[in-house]
Each structure stands twice: as structure tokens, then as C-alpha cells.
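Each of the next two complexes has chain A plus one more chain, namely chain B in the first and chain C in the second.
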Partner chain A sequence: MIYKTLLAIWMAVIIVASFLFTEAATGFPGETSRILFFHVPQAWVATLSFLISMIGSAVYLAKRTVKADYVALSAAELGFLFCVLATVTGSIFAKVTWGSFWNWDPRETSIVILLMIYGAYFALRSAVSDPERSRVFAGVYSILAFVTVPFLVFVVPRITTSLHPENTMNPANPGMDPKTLKVFLGSLLAYTALYVWMLRLRIRILRLEGLRVRDLFRESDNK
Partner chain B sequence: MKEGLGFVMGVNLIIWCGIAFYLFVLDRRVKRLEASAEDQGKD
Partner chain C sequence: MHQTKSERRTTLTESSTYLNEAIAIWFRDLRSEFRTRYALNAILMFAVTTLIAVSFSIGSFRIEEAERPFLYSVLLWIILTFSALSGLSRSFVKEEEAGTIDVLKLSARPQAVFLGKLLFNLTLLGALGLVIVPSFILFMGYQINLPGFFVAVVISGGLGLGAGTTIIAAIISRASARGALFSVLSLPLLFPLMITCMKGCERAAIGINSAGWPEVRIAVAYVVIMIILSLFLFPLVWEE
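For the complex of A and B:
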């Protein structure tokens, strides 16, 4: 409970700091560069989540423990959610900076492909009625799907020319303002902690749903 | 502070408060359901 309360306060501090403590980066229209504090952590959490989903799937396939499948499913759902959020915030930035919400930029295109790949993961899960087979298919698919993540997130946007600001706002860039870097790292930490909270919550809900289904089967067997 | 920045910050804070409140409520409900599921398991 203390960790969650601290997170709630920490995120509020990050929001205030991202508007009051930092200066807008030069070379961007108005205050648009402040999107860095929200858009990049969302994209980071989405990538982390897809990695956790892949690990959960691999553990499930190796040990066949339902909890590992809950982790894989929860992580895929949250990864999808944060990927959508990163796409929406990126589109708002694109509208202000490049004049259109969608420009078919390599980064925009690759994130849409990623969303479609993980959309198919949920379709696959719901298409197979047998829960055991559904978990196995989803586990194999999740591992294959993650193979595309580094390629789509890191490789494609870097081997093609992109409108996406890479050098100016990249935290690895030594030119980043120290204040901006502090708030950015704080935001990464806050988003990661929020993600952990949401992931644990979703796993617990799936476990409860699993128990409920098991009880229903028992009741119908007794009748 | 530039014009409009405070408004955007306020909207962000309100959204965050809403999300945090929802997560706290959900967390409590899940905890309660887990406790009742545990009790049922004991019975």
C-alpha cells in the first residue's frame, strides 16, 4: 500500500515537474517537446511488457503452469494498451510538428504493424475454445511475435529516414538538458512502477476468474 | 509559466488522479474477492 501511495504522489510530482521544472527543447514548435516525458516511457513500458509476455509464454510452454500463462496474457494486454497510448501521443505530436496526425513515417508504420501482430495474439486466444490448446498456441505465437519487436521498434526506424526526432530528444544524447534528463528518468521510473502495479493487479484478476470458472465446473459436475 | 501550460498540467493531474483512484478501488475489490475465495477454499 505504501509503494502504491508513493507511486501516486511520485507520478503527480513528475507531471508537475515536466511542466514547471523543465524548459521546452529548442527546435520544436511551442511546448511540444514536453511529450518526451509521457510518450517515451509509454513506448518503453510497451516494449518491456512484450518482453515479459514472451518470457511468461516460454515459462508456460516449459513448465505448463497456468500462472505463467496469466503473466503472458496480462503482459500482452498491458503492452498493447501502452503501445496504443504511445501511438496516440505520437500522433498528437505529429499533428503539431508535421501538420498531420498520420504520415506513414517508418516509426508510425512499424508501430501499427506491432499493434496488428499483438491484436492477432488476442484473436488467436479467443479463436481456440479448448483452454489448454489456446494457451499453447498463444505461447508459441507470443514468442514468435516478440521476435519482431526489436526489429520494428529499434531496427526499422534507424535504417530508414524518419521524421521522428531521434538525436535531439534521445536521452543518450549528451546534449540533453540535465533538468530534462532528471525528470525524464523520473518519469521512466514512475511509468515502470505503474506498469508493475497494473500487471500484478491484472494477474490477480485472471487468477480469480480462473478460480471462478473452476468452481462453476465443479458445481455443474456435482449436479 | 506560458499561457495554457497550467491548464494542460491540470488536465494531466486530474486524469492521473482518476487513474490512481480507479486502481486503488480495483486493488481493494480484488483483495476482498481474494479473501472470500480463500475462505471458500477453506470450507
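For the complex of A and C:
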């Protein structure tokens, strides 16, 4: 309860601060640079989620504990959600600044591949009826997919140039305004906390559903 | 009839190293493939039909000279990838359909099964490449200035197609909606390879020679990583 309250307050502070405390970065039309505080954390959470899903899958394959698979599945579902959010917000920003909703910028390419991988993962899970087999296959696929992502990160940028604003919008660069950096880091924290909360909720739901299915089987056995 | 320990060891090394088992599975698959020619026919006919459709609708002169190296390499790789996806799942699906999968599980180790199936799929891809790449070049009037580089990209890309899809074929053979699922699962994994090979073929066609052939090296790295990873993960899929 306290976690939820703190999260709500922190999130509200970040939203207010991102519009009122910071100044819009120069070189972008109007207030569009404020997308930084929402879009980048979403993309970060989507990637983090992908990593967690892979680790959950690897643990499941090694130890065959169902809980690890719940982690993998919940992380995949939430990752998909944040991936869609990042794609949509980024696409709106692209329309305003670069003139079209989609440009096949390297980051856009990699996020679309991420969406495709998540989609394939869910398709695989629903196509295998035996639950244990479905978990193993999904785990194997998750690891395979995770390994191809570095290729995408290193290969695609070699081939096309990026439109993504790197100088004023990338925290790794010294060009970023200190106020902006503060709010940005706060927003990263807020989004990560939100993600952790949602992830734990989803895992709990999956576990309860699993228990319910087991009880149903037990009832039908007893009859 | 007790064998001594050393005798047993010699029979083991003689009859079943991983490579021997893999080659036995490879030859067995080739023999059964030559009886029905199902996978080969499916892949080749898919490729030829697509090539004819592309060639008929685009022709060899509709695209401007400057655009050709890029667009042709993209078309070539789309034809190759989708033809491969139309038939490569057959290697495992046929075991499932014929009910021979349990015997295969008993008679060979999982890694050997994987390698045998990989070799079989690579054979099919080799046949596909031998037929489609020359006919594509002839049909489309594809001018290639660096043939050596081009061949290296096509070969390493073909190896990558085989390495990336063999374990997926094993996965989907146990699932429902196999045909569609095979493409859905394979394409995201093949995407980096496809982009690399398209770029490599484009550069070979234009004649930009770069030291060390980076596209070939990326494709070879992809092949090595996929095969090693599959050798680790395949037993989990196989024994499920």
C-alpha cells in the first residue's frame, strides 16, 4: 500500500516537473523535446523487460520452477505493452520533427523487431497446448531471440544513419541541461518502479490462476 | 558375452561419434527426401513461382540503372528467405507426422540429431541457391561487379538461414498451426541476417570492395552463434 502511494506521488511530481520545472530543449519545434521524460523511460522499461523475460526463461529451463516461467511470461506481456507505448509516442514525435510517422531509423527498426519477437513469443505460447511443453518452447525461443538482438543493435546502425537526437537528448552526453537530467533520471526511476509494481501484480495473478487450475483438476479427480 | 572395457570403448568410438551419427541422419534424410522429394519440390517451386512473378511484373528494365543493385539484392533475399521458410520446417514435421520421432530419439543423441537435420536443411538450401541465384541473375539482368564477394555473401547467408531456422523447425513440429508459426517465429531471428546479406549483395553488385568483407564476417558470426546456442538448447526441445 505504502509502495503504491509513494509511487503515485512520485509519478505526479515527475509529470508536473517535466512540464513546469524544466525548459524545452532548443532545436526542437515547440515543446516536443519534453517527450524525453516519457518516451525514453518507456523504451528503457521495454528493453529491461526483455532482459528479465530472458533471465526468467533461462532459470525455468535450468530449474523447472513454474514461478520462473510466470516471471518470464509477465515480463514479456508488460514489455510488449511498454514497447507499444514507446513506439506510438516515438512515432508521434517523428511526425512532428522529421515529417513522417515512420522513417526506419535504426532505433525504430530495433523496436519493431522487438515487437515482432514479443508477438511471435505469444503466438508460440498459444500454439502449444501442453502447458509444460509450451513453457519450455517459449523459454528456448526467448533465449534465441535475445541473442539476435545485439546483432540488430550493432548491425543496423552500420547500415543507416540515425535520426535520433543524440546531443541534447542523450544523458550520456555533456550537452544535457542539468535540470532536464534530474527530471529525466527521476522519470526513469518512476517508470522502473511502476514496472516493478505491475510485474509483481501480474505474477501474482498468474500464480493464483495456476493454483485455481490445479484445484479444478483436483476436484475433477475426486469426483 | 562380456566385453572387456577396452573393447567396449573401441566399439563406441567406431560406431557412434557425434559426427558419425549426424552424418547417418543426414544421409537417411536425404534418402527419404529423394523418395518423395516433398521438401525440395515445395521449396524450389515456391522459389521459381515467386521469381517468375517478380520478373514478370518488374521485368529487367523497369527499374532505373542506379536503383538496380539495391532493389535486386532486396528482391533476391526476400525470395530466398521466404522459399526457405516454405519448406525447411519439413525436416522435423515429417518425423512427427510419420511417427518416427521416438525411434530417432532412441537411436541418436540430441546434438547429433540437430547436426544431421542442420546438414539436411543446408543441403536443401544449397540446391535452392544453385537454382535460384543464377536464374535470378539471368531473368533480371543483375549485373554484379564483384562475383567473389557476392558468392561469399550468398553462401554465408544461406548457412545463416539454415542455422537460424533448424531449431525453430524442431519447436514448431510439436505445435499446432505449424506452417504459419514457422515463419512467424523465424523471421524476427533472421531479420539481422537478411539486412546484412541485402547490404552485402548490394555492395558486391555496385563493386564497393571493403577490406575483410564485413557483411560476410557478420553472417559467419551469426551462423556460429546460432549453431552453438542451438546445440545447447536443442536437447531441451527434443526431450520435451
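Everything that follows uses one rule, which is that the second predicted complex is superposed on the first by the 211 of 223 C-alpha atoms of A that agree within 3 Å, B and C clash if a C-alpha of one lies under 4 Å from a C-alpha of the other, contacts with A are read in each partner's own complex, and residues count from 1 in each chain.
The rule we apply is simple: contacts are C-beta pairs under 8 Å (C-beta built on N, C-alpha and C of every residue); 3 or more make two chains touch, one makes a residue touch a chain.
Owing to the predicted nature of the structure, the values given are computational and were not obtained by experimental measurement.
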item	value
Which superposed partner A:Tyr141 touches (first chain B, second chain C, both, neither)	second
First, second, both or neither for A:Phe151, with chain B first and chain C second	second
Contacts of A:Met116 with chain B and chain C, given as first, second, both or neither	second
Contacts of A:Leu188 with chain B and chain C, given as first, second, both or neither	neither
Partner contacting more residues of chain A (chain B vs chain C)	C
First, second, both or neither for A:Ser129, with chain B first and chain C second	second
Overlap of the chain B and chain C footprints on chain A, listed as residue numbers	none
Chain A residues within the chain B interface of the complex	4, 8, 11-12, 15-16, 19-20, 31, 197-198, 201, 204-205, 208, 211, 215
Touching residues on chain A, where the partner in the complex is chain C	61, 113, 116-117, 119-120, 123-124, 127-129, 132-133, 136-137, 139-141, 143-145, 147-148, 151-152, 155-156, 158-159
Contact footprint of chain A on chain B as seen in their complex	1-2, 5-6, 8-9, 12-13, 16-17, 20, 23-24, 26-27, 30, 33-34, 37, 40
Residues of chain C that touch chain A when the two form their complex	164, 167-168, 171-172, 174-177, 181, 184-185, 187-189, 191-193, 195-196, 199, 214, 218, 222, 225-226, 229-230, 233, 236-237, 240
